[in-house]
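The next part holds the structures, each set out as structure tokens.
Presented sequentially are two complexes of chain A, the first with chain B as partner and the second with chain C.
And now, the complex of A and B:
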């Protein structure tokens, strides 16, 4: 049996082991590959930079722990940038677990910038209803949001009182892992109320968003962990995304090698026939 | 009557919402807002239906001793325990948050991460250039995979621009075509529902 025939019967546990090494080794021994900045990510950065201090950014954490590895680093980077610019952050989630992950990032970063709950940021928790809820929300926040995630009446919070409708928002930033998520914000919130939308999505969702980037309905995009890593470079922050880039690079290279090997085996088998 | 009444409600409310979207009068806007608020209330109730369904399915599995039925005990125990901590201590309760951040978050991330291993195995066994179309897809995938990581930039500084062109050009063109198709299908399906032609949502097929 020659090498190619042996490879064609490669045990999948060997593949699993190689992937595990490709993930773990660069984390223990970082390579520090250079991270380039793509246009969609730069546009998100520029949009936040262009907002006047005191503007309100609605941060919609539309993901759950399953996508935490890809989207949580982006959440931290965006929150950090907003606080540096003295923007106010209004957190909500279209997914039940999203707002808790938003809280995790807020509680970590807000004290560093002396930001206070109620005046500089609030979290109104999970909001069910998807598209229909967003249509109502843009018209009148008071109809939909009466309390924050802890049950505090929204009118008792300065930032809660400040947001009456979509007109009070400078930007919507959605961190989206699926449905409901970024498409709902673009189709129902931006189209109806004209609020600019930026997004961070899982890598698998990113290609579809280029349709909306091209049309201008989406201002900018952070696609997957790479997008988050680019943003960390822009805001000069060494976070989990930048650290994870080496692992992701090696795994991608490994996958490319697997694909090439698979096709060499295919050609070999065709040749034999 | 059992089928006619739901059809009248669906058609009436559906056409009303359609008309209200284009007419900015107070009556239409206020009424459509009320309908939307009702929907949000119903949507919130779906969570309870989901929980009831989950409990029902798992109890049935235990009773019938179906495959992996013992795991159902773990699921039901943690469901009850998490709900109890949430109700007793509130959303900011120590036990509730501890379980969310230390159980649910890492477990959820782990489940999703396992995909990387199966994906690697699948790329080796299934991603093969058997036809000209598959070959084009494969070449595009290889280019994008390398261009979407720092290695691409490291190989050639203009490589990410090439990938960006693939994403904004061919990718967007294909996606838009697919989206137009989906949206036309959605519009025709919505019309079928509003006109009472499509009745499968009431259960029991088209009749």
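And now, the complex of A and C:
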């Protein structure tokens, strides 16, 4: 049996093991492969940089623990950038667990910048209703949001009182893992009220968003863990996304080798027939 | 602190139990799978009650004595009408209502927020821009037109129409390839996230 025939009968568990090694080893012994900044990510950074101090960013955490690996690093990086720029953050979630994940990041980063709940940031929790809710929200926040995530009346919070309608927002940043999510913000909120939208999505969703980047409906985009890693580089932050990029690159090379090998084996078998 | 440690151990062991399926199906995987299904069902039951039903329906009805809210309850209950054959026709009322609202929303907003801006984005200049932009714009326009031609089924795809449809297929293939690449990247990212959790939070190796 020659090498190609042996490879064609390779146990798939060997491939799983190789992928596991390709992920674990670079994490234990980082190589430090370069992370290039792409245009859509730079546009998100530039947009946040262009906002005047005190502007309000609505951070919509539209994801859950299933996509935490891809979107949580972006959440931390964006919050850190906003606080550095002295922007105010208004967190809400179109997914039930989203606002809790937003809280996790806020509680970690806010103390570092001496930011206070109620004045510098608030979390109004999970807001169900998708498209219908977003259409009403832009007109009058008071119709939809009466209390924050802890049940505190929104009028008792300084930032809660400051946001009456979409006109008070400088930017909507959605961290989106599906439906409802980024498309709702673009099609329903941006189209009706004109507030600029930036997004961070799971890698699976990223290709679909390029049409909206091209049309200008979306200002910028962080696609998957790679997008988050690029953002961490821009804000000079060594986070989870950057740590994972060596593994990501090596596994991609490994997968390309597997695809090439698979095709060589296929051609060989066809030739024999 | 102790609860956090217990939580990390449970999460780590469940992660390993799920990944053990890659070797072969086993009882540890089954236990983790059943726990996940049970916890998810419980979680959604709580969310549906406390975030949907109670604040939007039952709280205004019971606390504020707003009896207008009986109407959505009655319409909602009609969804169960097919369980009783004699009054099964009642299900048409909530379905019609839901379809009407959804159609109104979709038609106005999809047109305003999706179709028109996307169409507008394909009206691109070839003159008065640099060569790179001009070529990019040309590719976008050809891509849109040829892909649309592929989905034109009223005439047989022969001659120039067939050629255009074939070019459309190539554009779609490139798009599918990009989507597949991103999908692979997403799956590896999720695995990286789990490995990071095991090495950082659980084993404290990094």
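Criterion: the second predicted complex is superposed on the first by the 273 of 273 C-alpha atoms of A that agree within 3 Å, B and C clash if a C-alpha of one lies under 4 Å from a C-alpha of the other, contacts with A are read in each partner's own complex, and residues count from 1 in each chain.
In the analysis below, a contact is a pair of C-beta atoms (placed from the backbone, for glycine too) under 8 Å apart; a residue touches a chain by one contact, two chains touch by 3 or more.
Quantities reported herein were computed from a predicted structural model and do not represent experimental measurements.
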- Query: Clash or fit: what happens to chain B and chain C when chain A is overlaid?
  - Reply: clash
- Check the contacts made with chain A and report whether chain B or chain C touches more of its residues. B
- First (chain B), second (chain C), both or neither: which does A:3 touch? neither
- State whether A:104 touches chain B only (first), chain C only (second), both chains, or neither. first
- Return first, second, both or neither, reflecting whether A:39 touches chain B, chain C, both chains, or no partner chain. first
- Should A:256 be classified as contacting the first partner (chain B), the second (chain C), both, or neither? first
- Query: Where does A:191 make contact in the superposed view: on chain B (first), on chain C (second), on both, or on neither?
  - Reply: second
- Message: Quick one: is A:211 in contact with chain B, with chain C, with both, or with neither? Answer first, second, both or neither.
- Response: both
- Regarding the shared-chain residue A:248, is it in contact with chain B (first), chain C (second), both, or neither? both
- Counting only touches as set out at the top, which of chain B and chain C does A:52 meet: first, second, both, neither? neither
- Interface residues of chain A shared between complexes with chain B and chain C: 16, 19-20, 23, 67-69, 96, 128, 132, 135, 203, 207, 211, 214, 223-224, 226, 248, 251-252, 255
- Message: Using the touch definition from the top, list the residues of chain B that touch chain A in their complex.
- Response: 33, 36-37, 39-40, 43-44, 46-47, 90-92, 97, 100-101, 104-109, 111-113, 116-117, 119-121, 123-130, 138, 141-142, 145-146, 148-151, 153-154, 157, 160, 164, 167-168, 171-172, 175-176, 179
- Can you list the chain A residues touching chain B in their complex? 10, 12, 15-16, 18-20, 23, 33-36, 38-39, 64-69, 96-97, 100-101, 104, 125, 128-130, 132-133, 135-136, 139-140, 143-144, 149-151, 203, 207-208, 210-211, 213-214, 223-224, 226, 245-246, 248-249, 251-256, 258-259, 261-263, 266
- Task: Enumerate the contact residues on chain C facing chain A in the complex.
- Result: 22-23, 43, 47, 51-52, 56, 101, 105, 109-110, 112-114, 117-118, 120-121, 140, 175, 178-179, 182-186, 188-196, 199, 205-206
- Residues of chain A touching chain C in their complex? 13, 16, 19-20, 23-24, 27-28, 67-70, 96, 126, 128, 131-132, 135, 186-188, 190-192, 202-204, 206-207, 211, 214-217, 223-226, 240, 243-244, 247-248, 251-252, 255
